Amino acid sequence: MTSSAQVSADRDAVLTLTDVRIHNDAADEELVHGVSLRLRRGGVVGIVGESGSGKSLTCKAVLGVLPEHVEVSGGSIELLGRDVAGLSPQEWTALRGTSISAVFQDPASYLNPSIRVGKQVQEVLRVKQGLSRAAAKQRAIELLDAVHLHDPEYVYEQYVHELSGGMLQRVLIAIAISLEPEVLIADEATTALDTTVQAGILDLLVELKDRIGLSLVVVSHDLAVVAQLCDEVLVMRDGHVVEQGPTSEILHTPQHEYTRLLVAEHEQYGLNSSATGPRPPAPVSVPVLVPEPRSSTMPASTEPVLQVDGLGVHFGRGRGRKQALEGASLVIRPGETVGVIGESGAGKSTLARAVLGLAPVSAGSVQVAGRDITHLSGRERRAFGRDGVVQYVFQDPLRSLDPEHTVAVSVAEPLRIRGGLDRAAIDEAVRRQVRAVRLDESLLDRFPGELSGGQRQRVAIARALISSPRLLILDEPVSALDSANRVAILELLRELRSTVGVAMLFISHDLGSVAGISDRTIVLYRSRIVEAGDTARIVSAPAHPYTRLLVGSAPTLTSGPTDRVQRERLRAGLFVS
Amino acid sequence: MSAPPPALTAPSAARRGVAAHRIGRAVASTARLLAIFVPVFLLGTFLTYLLGHLSGRSPAYLQLGDAASPQAVAAIEHKWGLDRPFLVQYGDWLGSVLHGDLGTSWYNGLSVAHALGQRAAITLSAAGVALVLGIVFGFALGALAAHFHTRWPDRAITTFTTVISVLPPFIVGIGLAAVFAVGLQILPAAGYVPIQAGLGPWLSHLILPAIALSFDTAADVARQLRNGLVSAYRGNYVTGAIVRGLGPRRIFFVHVLRNGIAPALAVLGLKFPNLLGGAVIIEAIFGLSGYGVYASQAAVRGDVPAVQGVLVVSVVLVVVFNLLVNIVLNRVTPDADRGV
Amino acid sequence: MIRTLLRLTSARVALVLLAIIAVVAVLGPVLAPYDPLKGSGRTLAGPSAKHWLGTDYIGRDVLSRILAGAPLSIVSTLEVAGIALVLGTIPGILSVYLGSVVEWLSLRVVDTFIALPFLVFAVAMTALLGNGITQAMIVVGMLLAPVFYRVSRAATMSVARSQYVEAAAIAGASTAWIVRSHVWSKVLPSIAVTLANTLGIGLVVISSLTFLGIGIQPPTPTWGGILASDLGYLAQKPYAPVFPTLLILAAVLACNLLADAIRDAAGETGRALTGAKTARSNRTRRLAASADPSRS
Amino acid sequence: MLTALVTAGALLAGCSTGSAAGGGSGSDTVRWGTKQIAVAWDPVVTGSTGATNYLTPIYESLFTLDEKREVKPALAEGYKYNPAGDEITIRLRPKLTFQDGSPVNAEAVKFNIDRIKSQQNSALKGSYNNVKSATVIDDLTVRLDLGQQDYQIPRLLAVRGGMLPSKVAAAADPVKLSQTLPVGAGPYKVVELVPESKIVLEKWDGYWDAANIHVKRIEIDFGIDASTLVPGLQSGVYNFAQIDGAQIQQARGAGFDILAGVDRQWGSTFLSLNRNKAPFTDPKVVEAIRYAVNPAEFADKLGFGEGEPTHQPFPKGHPAYVDGLQTEHPYNPARAREILAKAGYSDGEISFEIAGIANNFDQPAEVLQEQLKAVGIKTTIKLTDFANWGKGYYGKTLAASIFGYVGRDSHVQALTEHYDTGGVLNLSSPYTSAPFQAALKAVRATPLDSPDYGPRLQAAAKAGYENGSTVSLYTYASAIAKKKSLSDLPAIDGFLSWKGVAFTHSD
């Protein structure tokens, strides 16, 4: 453990943790085994670790909001020179908001769904600063403006369900800084947000730090997020701080095995432009630019697995009609992997559903393995599904597997739906498929709840592959996984691509994952394909402003202030909040 | 997974939209409620009418008694228009119902609407007082249980509400009368005096039946509120409010109550029909001649128009009450999408 | 889930109570010390060694009547719940799958049923359809059906929107397949909870109808009927209603306890199934999610 | 919580139970609760003779009855028969008016008799079968022409059949008269009337015998559940109530006077058998049933000390009661079995359905079923609502039904209703017997004051009894509980009179 002696004099410290231990009284077990850190005024300390590592509990301890039966059992927390252990509830209430504040993951849940967001900004000002209604409103709107929300008056009047995640996180930040606290804790504040939105929020935090002199504690499972902002990093695992030190030191000379894994992941499946060494070996097939005109001269062997022409999809009717996809065209040939990238709501999943014959297509056509599936009846759709030509893997394997079905039952389901095979044959196929995804056969009788995230995703992939599909659609297959599993699943997919030879449509909001596996990449932006082409070219020389912003927003271990300025320019042109 | 993207409205359009949006939202939610309630009204009245029709009852036997010869029966049925096709009868009936005319009783030839008008004060007083009691005690018990969540007051309240909600209402009624009217002699056991005779006498006659009626409502409101509050306390926005430095009182009243109250309010809407329905038994026990007694007597006599009248009025009352509850709910929790 | 259920004390108490009631329902007529329909000269007698619970207004042994009344009371309640179950659950599940017209119609029918004042409608329908236990049960069953409809529909919807159902649909599964292999088992716990609750409500409602003189023909003994007639003789035996009341109360409470226990157990299993292995790594997160931050 | 709430309610109520009773003004008010429901307020329309109780305060009859069951003048001063006994001339008291101010005159009498005979929903048509027409002789004299010699007419005119509604009101709107605003010439005038639930009456000074009326106000609540009436009395809501036998003990224990006895109000419960339907087409079956029935058990178990075992529809002491009948079909189950066996019926071969009105005849039906079971007759009980039951009973389609009788318009009428061809209570209608018809004619031809009247009436009662279509189960006394401070009502058979009744001291 690196000592924190290198930081300057003690009165500079706004937050000091000394060997903080957190204990669960109900289960009688220690959850955090000694965390020490020192946050300098205007400084940024990062905590990295996967879920369950104890990083969020540490934050909750600092804020005094530990769950029931969980308490600080050792060490001390000093906030602005005061030991928080002895604070009365009233003193805590007085301290929170004015001296320390926080923003969290899933911003929508941290705002009252029944009250207009503006009122919630105003509430703090009126309660804590005693402002009049009018003054509080004016100040609230100023704050919303300060966090770069377009049209703060409009946002002021909205309810939580009417705003996007990025906007809500900005609202929360506005509330958090409204009383000008010394310390702001950002606990996974950008997790589950789109890459570009994440970059925007991180940029905002940096800006606020500089502008109003905030001291930040940034918590994330993503090393790159922390690396962008922090002077000092703590790496936590299973309640232990496994490594701690200045960011550059951690990045360049990681000591602990886990830290090395985190760094390596970014080097392999990130867009670490400065990372040396060759990118993973490029696939053999020649990238073809899309859209590609249908050509009769095309040889039979390269008949596309998927051909989408001018696809348009609408949801709703009348005034509520929403264009979910417009004029999309693409081709996937056998064995080819095409990545689809874009922010949430850009139409990625709609495209996937259209390829499955599940979306209400209003224009264009979809052909799968030479068969037109644009407008299937329910019966035809089911028959098409039973053929198993296209299969689908969901983002969250926990939710895509029936919790009451064993691995064997889940994997066998497509075959059983198709029918015509006896029990022994199905059993044999299941075992073969389970081996193919590198799962132990002993897991066949387990339930999803008894598996790890990576194992579950392997089960889902096995289920998708058992009907020998020509095309596999992977919808954010690694987004819900932690670093180690993410790497493993991506490796598995690359392996399957060469052994099984299945074509893939790989959907992700994470450019790193897409870049690591796709031959070609399609960029979706506001229901349209704005750019398509060879993955390497898109990553190295993005053409469309959105793609450029995307590439520039991807968290890397080395992005810095220059990127920020560039991003801001791009954002201004795109109206991205 | 195919949720439409959040609106990325261009700034200028958004500015103009704020006021129009709010009005539009109110209009839309009202329209949505009406779209639910109009069919309920039509279907409810249709079922009611169909029921009367299917029962094969005829005013003839009520009116003729021992003089019910087939010709006399046919003549009376013709006079009442019962020999016409069913749908024609329903249409006519619905038409007059919409004009406030619920027809005349087969039994005594009096206007059903008038009879119900005379009884409205009694039933609505009893149901109203019961509703108030149900709300007051339901909310008090629910809030208390939530506050002492998982501790003994919570368990005691939960047990208490379970017991009172499963007690048959007639047992409750007779027990209350036995204790407070006969045993302690502090309240009358039966009868009704209009509120014009004074608030005291009025309430003294109503309090026992209202308590008996309110048990079920109070119990359910308490349970829902407790669960609602407990889960609202678990909401991240509570943590958020704590972190912002808001005090516990403010958090409870502004944030927790507002979000935890919805299930209790919703259950209140569902309980209103029970308050009216429970009147059948409670009114009989406490000698109140309200809708319940009227309905059960009419049903037992086979006085179809009277039964239909009570049901129609009840359905309207329930629908109106639910509309009110929904409007309140829409204001309290604007994000929820709901049916009746 | 059954095993989880049996670990709960409340479930055990409820099941023991229900088991006793079931035994009484099956063996009641055999156990009855006297002919439940046979009167004697000793009318309205108090409890004694010969007649543990005394005799009724025409000298019949009350204990025998309560025991003999058990089968009909229980069976009629079961039938009510059964009718409600069938009428509510099947449309409830199907409403999710049979298209928007069916869905809209069934929702409005259910709304209407809920809007009708329950007892008024039950009394009216039973009286108009002819006074009999069968009519009464059908009517009450029908009026209780909306609860099942709502519960099964809500449960089905949450399953139907789940990704594993979507996965099956993508693989070409028919609605029947999906209901059979995915939906049914998830809906079952909610149905079981509702069923247990409905049994309690049904018993109270049938008793209430009997109190109003609707449903059951004398001299057939039923708990509600015994209770109703006891109320006519309060002057002679003020304590008489206590016995049937306690029985009804015990049965209803047992059903309620069981319902709560099933709910708890289903939640427990749900968590157990989804989180057993990840429990260790996710423990802190789950604790954080389930704990009440209001008191920290 | 509950206690606090109730206490709060009680405090709000102004504490004393007296004021809690609300409404009425002090001790001059009779607050009357009953589980019955008065349906019509026009004596011509009111089908139930039991409901006469609620009409007597409003309407005065032409004649009235005294405590010796003798006919006395009321609105009419007297009557005279022609020698043939087929014309009766009635002379009205002069200068009387109805409560609406219109005159009580011969025209009014004629108008109402015409109405009885012609109005579609008249319930008195049957009773007036023998009255052919009414003729106005002068303003105060009216003559009735009878179809045959009939000395029963004054009795008919002394009760419901003789109650006189205002001609003006009846001519204007018969429905209003019957449902919302009854107008008579009786001691009390209607102040408020909520159909089927409540009536408020106030003393009317225009009544011819107003000097004898002391109670200022009568409020009647209808349809009060039996189990509520005694608590109602105890908590001061009522000071006067018609209660069930089972509650007599409780009311008495609570310090109330009980007025009961066959010299006042009584009723009879009987089993009507339809002799046109199997198995009652076989007289042996009917005979066996008569031996199987044990009136003593009914009286004992259901009468609560106020019932009487009897095989005939009249209690002991009633003019139509026949002493010898008690031994004609004494309770003898062995004999019943023997009769059935001889007629070739095996045990359990005979079965039928006992119909009845739900909530009214449950217990008698249960006792009856058990008694019949003891002789090998299987029965099922089918109690339904009044409408359903009435369809079968009045339509004469039921095979057997339990029913009750509380009417006593005239002795002969009681017999005709049970045993005559068109009798309402004769489920076997049109079945009747020649001996009954002969005896009926004889009693009608006997003046009421003739010494032969009693024996002839009883002869007719006996002949009717022997028809066998009505099997009496028991008679019971209707009970009234009243506050001790209210003086006793005169004991007149089947008639509730308020004359001379007063509150003795204020309480």
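Letters A, B, C and D mark the chains as written, and numbering starts fresh at 1 in each.
Just so we're on the same page, contacts are C-beta pairs under 8 Å (C-beta built on N, C-alpha and C of every residue); 3 or more make two chains touch, one makes a residue touch a chain.
What you see is a predicted model; the values in this text were computed from it and never measured.
Common neighbours of subunit A and subunit B (chains touching each): C. Of all chains shown, B has the CA centroid lying nearest to the centroid of every protein CA atom. Averaging Cα coordinates per chain places subunit B and subunit D 41 Å apart. A separation of 87 Å divides the Cα centre of subunit A from that of subunit D. Each chain gets a centre from the mean of its Cα atoms; for subunit A and subunit C, those two points are 46 Å apart. One inter-chain figure worth recording: subunit C and subunit D are separated by 46 Å, centre to centre, where each centre is the mean of the chain's CA atoms. Each of the following residues of subunit C touches two or more other chains: 127, 163, 166, 213, 231, 234, 290-293, 296.
Shown for subunit D are the residues in touch with two or more other chains, namely 227, 230, 358, 385, 388. For subunit A, residues that reach two or more other chains under the stated contact definition are 65.
Those chain pairs judged to touch are A-B, A-C, B-C, B-D, C-D.
Considering their complex, residues 57, 61-68, 107-110, 115, 118-119, 133, 137, 174, 176-178, 180-182, 185-191, 193, 197-205, 207-208, 211, 284-287, 289, 293-294, 297, 299-303 of subunit B touch subunit D.
Only residues 24, 26-27, 31, 51-52, 54, 56-57, 60, 64-70, 356, 358, 381-388, 390-392, 394, 396, 398-405, 410, 413-414, 417-418, 446-453, 460, 463, 467 of subunit A touch subunit C when the two sit together in their complex. The touching residues of subunit A, when paired with subunit B in their complex, are 63, 65, 89, 93-98, 101-102, 104, 106, 109-115, 123-124, 127-128, 150-151, 153-154, 157, 159-164, 167, 172, 175-176, 179, 315-316, 322, 324, 344-346, 349-350, 353, 359, 475, 526, 575, 577.
Residues of subunit C touching subunit A in their complex: 162-164, 166-174, 177, 181-182, 185-186, 270, 272-278, 281-285, 287-288, 290-293, 295-296. On subunit C, the positions that touch subunit D within their shared complex are 37-39, 41, 43, 57-59, 127, 130-131, 213-214, 217-219, 229, 231-236.
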